[in-house]
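Heads up, the next two complexes both have chain A, just with different partners, chain B and then chain C.
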Partner chain A sequence: MIKFLLMVNKQGQTRLSRYYEQVELGKRASLEADVVRGCLARRKEECSFVEFKDYKLVYRQYAALFIVVGITENENELSIYELVHNFVEVLDKYFSRVSELDIMFNLDKVHIILDEMILNGHIVETNKTRILAPLLALDKMAES
Partner chain B sequence: MSDVVEKTLSALPGLFDSQTGAARITSRLRQLVKSITELTSKHEEESLIKQELSSMKEQVSSPNTSMKQMREIMVRAMYCEMLGYDASFTYIHAIKLAQQGGVLEKRVGYLAVSLFLNEGHELLLLLVNTVLKDLQSTNVIEAYMALTVVAQVFPKDMIPAVLPLLEDKLSEIIRRKAVLALYKFYLIAPNQVQHIHAKFRKALCDRDPGVMTSSLHIYLQLITESPDDYKDLTGSFVTILKQVVDGKLPVDFNYHNVPAPWLQIQLLRILSLLGKEDRSTSELMYEVLDESLRRAEMNHNITYAILYECVKAIYTIHPKAELLEKAARCIGNFVLSPKINLRYLGLKALTYVVQHDAKLALQHQMTIIECLDHTDFTIKRETLELLFRITNAQNVTVIVEKMLDFLHVYEQCTTSYKMNVRCYVPMITLTFAPDNSWFIQTMNDVFSTGGDLLQQDVPNNFLRLLAEGKREEDDQLRLYAVNSYLTVLNGDASHLPQRFLQVMSWVCTTTHTHTHTHTHTQNKNSAMRLIQILVRDLKKSYLLNISVRLYSNFKYHFSSSTLILEGVKRVWGRDGYLRQNETTAPPVDEPSAAVQPSGQQEAAERLEPQPEPSTQNQDKLQLASSLFVGLGAGSSMSLLGKSEAPPPRFRKKPRPHESSSSSSSGTSERSSDSSSRSSHSTTDSFLYGSLLEEEPATSISAFSHTPKSSTANGLAQNKDTKEDRRANTSQILGGDMVIVRPNTFQDKHPSLVSSDLTALLPADLKDLPHSDVISLTSDPSLSLSSCRLFRDEALLLVILISNCTETVIKDVAVQLTCEELEVWNVMNCLEGNSTSVCHYALLMDEPHTNVSFTGTVSYQTQPGHTNTLSFSGTLSAADFIRPLVVSTEEYGKLWLSLSHDVKQNLKLLTDASDPLRTTLNALKDALQLHVVDIIGSEGIVACRLLSGAPCLLHCRVNGAALAMWLRSPHPALPDCILYHCQRALAQH
Partner chain C sequence: MPAPIRLRELIRTIRTARTQAEEREMIQKECAAIRSSFREEDNTYRCRNVAKLLYMHMLGYPAHFGQLECLKLIASQKFTDKRIGYLGAMLLLDERQDVHLLMTNCIKNDLNHSTQYVQGLSLCTLGCMGSSEMCRDLAGEVEKLLKTSNSYLRKKAALCAVHVIRKVPELMEMFLPATKNLLSEKNHGEILHTSVVLLTEMCERSPDMLSHFRKLVPQLVRILKNLIMSGYSPEHDVSGISDPFLQVRILRLLRILGKGDDDSSEAMNDILAQVATNTETSKNVGNAILYETVLTIMDIKSESGLRVLAINILGRFLLNNDKNIRYVALTSLLKTVQTDHNAVQRHRSTIVDCLKDLDVSIKRRAMELSFALVNGNNIRGMMKELLYFLDSCDPDFKADCASGIFLAAEKYAPSKRWHIDTVMRVLTTAGSYVRDDSVPNLIQLITNSVEMHAYTVQRLYKALLDDISQQPLVQVASWCIGEYGDLLVSGQCEEEEPIQVDALEDEVLDVLEGLLVSNLSTPVTRAYSLTAIMKLSTRFSSVNRIKKVVSIYGSSIDVELQQRAVEYNANDLLDLLGGNDVVPVIQTTVPTKPASAGGELLDLLGDLSLTGIPPMTAYNKNGLKIEFTFERSNPSPNIAVITIHATNSTEADMTEFVFQAAVPKTFQLQLLSPSSNVVPALNQGSVTQVIRVLNPQKQQLRMRIKLTYTHKGSPVQDLAEVNNFPPQSWQ
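And now, the complex of A and B:
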């Protein structure tokens, strides 16, 4: 099961966070700081999975941005690693060459995309066309 | 892929100027984002967000704020909350936005609700009406949004209101989301969706792959909970997987040319659950698993993710040799990969499969050693996990050394994963320790580094082990421990963890009291010195307390030929140690040869590297030879348990001797298993304590007593054990489980009527007191009956299987399950009209008035055609009660030391001349009690539960009733015995 997904930059600033298991607001900042520290401490030649508290982190770096997913032991780390990439590819398709700023300016839309892909900590859709369909429909209605 | 995020902050000014694309947003949000990117300190962030929150507060309360502005405020609120600042004043406005906004505003409103409110938040109730309205909207987008939020967060109590609407949606275009919403309901309130299981099936068969995929989440959950109810769907899952693998899905389901990889993974997980321990179901999936292995050839991460899942499935379901071989080859591709992520997953797969076949580790020993020295923490830890699974008596010292190294290096890091390693060390040390000094030194290391982070049962088990032995060698062990503590305390003791000091103080006091041979006065002296140091130097008041209480309790410490009660342990018991300690069992004449001094030397010899042809790296080869010793096919201590184990050090009591029913009297069976090959079997008290703690209050343990019984595997394992045991049926004889080989004597015996079946009992069991033979079940081919035999140290449950046909029945396998435990029994064939017997020894650890057992017999009348026959039965606590033979004096002492008591008036059998004697005799017959003495109108009676806990009964004639007063160290035992006494008297 997926516990949370974070987008954090190298400076440790959170750009997006989605929790699939309740974490108190007050505890999130320190948890995120620990997560970033855990990932930044790793070197390039080390694997993309690291233990953290009672779960595992799967992280992937895109330019200055880290996408970190917290998962339980029974998840398949490599499939999550690729899920992150699929997510980035979807964002890239929607924003046509996505950047950190696109994500910041469109926080709500990134969330809407993510909600199509992951629900209650489970992967529910990975087909790019289908992930984007509801958002594109929404955009069309808003324009007209 | 790093080019995806090419535009970085340097592009910022340009974006703010141009009003196109991503930057086309309203000014306030743009300003906030800009300010956030410019933040340089936490302090700046704080003042920025404070300012933002107050401006938002002003805006939301203004009547002029439009829905569009409100949407922007919501996104700003998301930012504030994301940075950890409370914006709860906006929550109500999120609900309003979902209620009143246009489509885009509505979506953001719902999004904000799902981000801000958790299940159970009271404001969620205000959302219900909006959701209901939107679900009935003619606008599909609105209904879709409502379904999305329902699938994320919805008040449990309001499910009935929305359920009918949801069910309607199951036939609409947005049915995929409706299925996901139902899944959510199933998670939070499974009872409410019970009636729509048929609709789940319909969703599974939906022509839209998306709907089918969504229904798999529900099925994975359902099948995890009760796999047996969904076996009929196996064919469907297999067909779906086959179609996916064959590329029958539309091409947009592909990810890097691999068809729907995450769907494949989900299906593989479902199949492995269904095929586990089920031969016929497994047979349905061999082909598609083979196909999946074959298809996943492309060199992309995602195909490896699928392969990993596939390998796991192949090793989980009923095994097929050809597939296992292919899967094992496949693991080679992983672990040898230069890509570190693949190598990690390979190690993880290997860790999983070595539980089934330890030899696989041999193939990759050099890779494993490289990984052990890897700089990457994750890789290193996974390797230790793997080593833990292949530990045996020969490689334990090397593996423990590696684990302790790891713990020293990563002392600061206290993830719970690390905790695992911390627990592994004592676990395997207790199980496989080759000699005294190594054992004590390792445990000292564990206590001083792990200290207070250790789980409670580690000191528990250690102390129990130290307290138990009563022989010369045990005194030596204690002496060694005490002396090692004196050395430790001579150094700097200030950093020692509290728990280590507690262990020390306990050990020295127990040593002081326990020294049995007078030659060991030095034991006592050392112990006294240690107490003095502890009390004087550390000034820990609890230590003083303990000493004082210990001495005052010594008067209760007595020993007799049949019973030893430990005042010491009981006192400590209330402080938390040795919680489960119920009196020890009567001492047994122990074969003193079982152990020691030679062990040290032997271990050294074993660890000597085998002379190998010198290749490039002698060190690694040497390490390999010590790490993987014992895993080879021919060597001892193999996981497959084929050959003899060296005499294990830390099993104090002799194994109940094979067939001889009378040899050991009341040995506590839990710790009696003398073979470290069976270290993970449930009979092992040390492992039991630390590994299976979560098992429901230790109910019944089953193990074998037959001459050919063998328990395999030298591994200490966690709760996976049970699964492993199940998954390995084809290798039953060499495999990872407790095996009871039936005595196939009298195979040609003519078919008998049930009453004659007792004649079939094994010769060595015939004379035991036994119950009547009860018929359990039968089908046209087999009939099953059972008989209970009351042995002194266990209850023997004998199952008689009779072939009622003229033909030979093959592959008869009996499986008995009692709560968490099970035992397999295999025989190759059963001749026509013959009867075979298998028996199980059972113990009750926690008193229960009644327990039930279930089981199945599977057999083949024709090749390839497996039938199963299930049976069940009940055992009563009375079956597990044995007389406790004590003298009146011992009874008196014991009585005073027991804490839990129950009083009750019982029926007195008044129709005889001596009512008290008659009544007690009636109870004795029904419950196997020992009547210690009858004096006037009072009688004292003693009994024990098989696992050891005594129960004393004090009976007094009180008018027409029998006043009974029961005492036991076990709180539940008196109630249990009382219940059976009442029943026995009522039936009389």
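And now, the complex of A and C:
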């Protein structure tokens, strides 16, 4: 199962954090800092899976933003790697060429999308149309 | 009061902060504004305020005062309010806050709401942070939703059920009827994914469920087949493959169902072979599916052809340019190397190439795999590669690699000479990373290879001349020189050139003395070299020089060295050693305290004690050293007579010295009166006391001792366990 999903930029600022397993508030900041340090230290030739404490991290870099997913031992790393890309593609579709600023200023919407895709650490939906349906309905309601 | 600012404004403001302090100030100001806005109980702006609060929470600032507001939002009728309210609940609340229980009623109502999106929201929240009580209350509603025809809700209900089962395992039975129809969904697979997750969870938790669901294997196989065979489906397509996430999930469920069960494994053999051969491997997606397939094949009872296919897939992965895939392949091969050893052997050369990879995790796995693959046939080639790796790898690896090499060399060495050469190579390249316990093991190895003694000591001596910084190498070398110094000097070895005898003796002593004074040597190393010098007194002719060296160390600052040197001198061991054919008593693992070197040296002394039982050091702390010497009382062999010798190496006397001892119930102890109760400073004398131990059952002797004395005006008390009695003292 997925333990957490983070979007952190190169300066170490957290742009999105979602924990599917209880982590105390105080510990979160240090965890995020550790994770980012671990990912920033990786060179280009190294693989995207890092062993971290007693679980694994799968990370992917998009421009200046790192998306890091913490997973348990029994999860298929390559599959989660694909999931991260799927997530970015959904964001792309909704925000039309998503950028870090889009994520920052629409944090609540990004959370909603994430909730449609991952529930309680497991994948719910990967189809872009179905993921975006409730959000588009919400937008229409807000406009009217 | 002016309308609270929107979230965007807040973010923009925070971005202008140049320092952490500025940011904190802005946040505090905004928090104050939000708090007063909450107090006004204004419904219009509550949503906006909570959204801002969530943002600040993500940055790491406390936001607990917003928890109740989230509840109010959830209770509101507007969807926008509910949305933020539930999000806030998921982010800010958890089981440990009492507030969360208040949500139960709201969630219950929302689960029955007319709008599916609201129902979805409540399912999502319940699935994320529902406590056991909430789950118990609402499990019925979730189960109902699991049976609706609305697929949007069904898929969320399935995952919510997973959470409920995790929290309250007893409720698993309740969801069983609903699962009957989960897999027969006509729809392409909207709910298939989460259904499979639910089934997986149930199977993992209960063996009964597992056997119950085994009958679903044909259905799962059919679904998988459709996925592979079906044409292009734009909705679920990822890089040309239909719904890879579902495929991976089904494969995992098949793995759980097929494990240990012949019939199920039989039923899935075909489809596994089909997936393995038909999946496109050019993109990561295909490889993800293949990886899962390989894991499944290895876990179930598959036929051997299929297993070989799986391992070949892994072999292909190893050659892939993508480092992620190489990593994954090495991890899986490590898991399977025990069971399918021969198949993995075929890929040995590729694995060995991975030792040169740049990625740390790949290197580590390649190293572990290489050690697992070493056998009698490939030992020479593999060892060459591994030694090369040892030279160039990071320090973190060196210790593990060195130990691995030693183990492999011990098991498969083709010849003694090769073994010793390998060991020497490791000592010279990674000497400082070798584990402490390997030194006695190596000494044992060298002792056992009698014909190699001369060659070994020659090589070690040469290595010592080059470099004295690597402690294990120096220790082994000193020991060897001490032991086989005569062979070194007389140049009996045919391979190396014969060397001048007398000049060489002095040179050897120079080297050993050099070790004693060098800053690089640890106390253990010094002990080894002092002993070696001692032993050479019997083999070399320059006895006087040796005596001089030893007497210098009689007043050395290092207590161990001093003790040893003084004892040697006092007992005039030099002559006595001459008569002995000494073989060191280093059998089982020697403890890695510095005293270990002392232990084996005292065993040498043991040969000289009157009854043949070696004396031992029972206690040595803070300058106080207590040694036990043994005698057997002839009329009654069950009684061991132990004499304690207490010496004090500090510069102040230890007065009012009292020694007490206690033994386990099966023994009886008699303590006679001590010689005095003052232990003079600087080892100028000792206190002796006789203990008689009756050991009728001949059990292993153990003792707890208590020492009390006054040192430099202050009282000192210490308790210690004495467990290192030599076996002869109680047998």
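Points worth noting:
Convention: the second predicted complex is superposed on the first by the 144 of 144 C-alpha atoms of A that agree within 3 Å, B and C clash if a C-alpha of one lies under 4 Å from a C-alpha of the other, contacts with A are read in each partner's own complex, and residues count from 1 in each chain.
Keep in mind that, in the parts below, a contact is a pair of C-beta atoms (placed from the backbone, for glycine too) under 8 Å apart; a residue touches a chain by one contact, two chains touch by 3 or more.
Here the structure is a predicted model, which means the values were calculated and not measured.
Set against each other, chain B and chain C touch different numbers of residues in chain A, with B touching more. Once the two complexes are laid over each other on the shared chain, residue contacts for A:100 go to chain B alone; chain C is not touched.
Of the two partner chains placed around the shared chain by superposition, chain B and chain C are both touched by A:79. Applying the stated contact rule after C-alpha superposition, one finds that A:62 touches chain B and leaves chain C untouched.
With both structures placed on the common chain, the touch criterion links A:129 to chain B and to chain C.
By the document's definition of touching, both partners, chain B and chain C, reach A:50. Legend: residue contacts after superposition of the two complexes on their common chain; A:33 is shown touching neither chain B nor chain C. When both complexes are aligned on chain A by C-alpha atoms, chain A residues 14, 16-17, 22, 25, 28-29, 45-51, 76-79, 81-83, 86, 104-105, 107-108, 111-112, 115, 119-120, 122-127, 129-130, 134, 137-138, 141-142 touch chain B in the first and chain C in the second. Interface of chain A with chain B (complex): residues 13-14, 16-18, 22, 25-26, 28-29, 45-54, 61-65, 76-79, 81-83, 85-86, 88-89, 91-92, 95, 97-102, 104-108, 111-112, 115, 119-120, 122-130, 134, 137-138, 141-142.
Those residues of chain B lying in contact with chain A across their complex are 1-2, 4-9, 11-12, 15, 22-23, 25, 29-30, 33, 36-37, 39, 74-75, 78-79, 81-84, 86, 102-104, 107-108, 111, 114-115, 118-119, 141, 144, 148, 151-152, 180, 183-184, 187, 210, 213-214, 217, 252-253, 255, 260-263, 265, 301-302, 304-306, 308-309, 340-345, 348, 375-379, 381, 415-418. Residue ranges on chain C touching chain A, taken from their complex, read 7-8, 11, 51, 54-55, 58-60, 62, 79-80, 83-84, 87, 90-91, 94-95, 117, 120, 124, 127-128, 152, 155-156, 159-160, 162-163, 190, 193-194, 197, 235-236, 238, 243-245, 248-249, 252, 284-285, 287-288, 291-292, 295, 322-328, 358-362. Considering their complex, residues 14, 16-17, 20, 22, 25, 28-29, 43, 45-51, 76-79, 81-83, 86, 104-105, 107-108, 111-112, 115, 119-120, 122-127, 129-130, 133-134, 137-138, 141-142 of chain A touch chain C.
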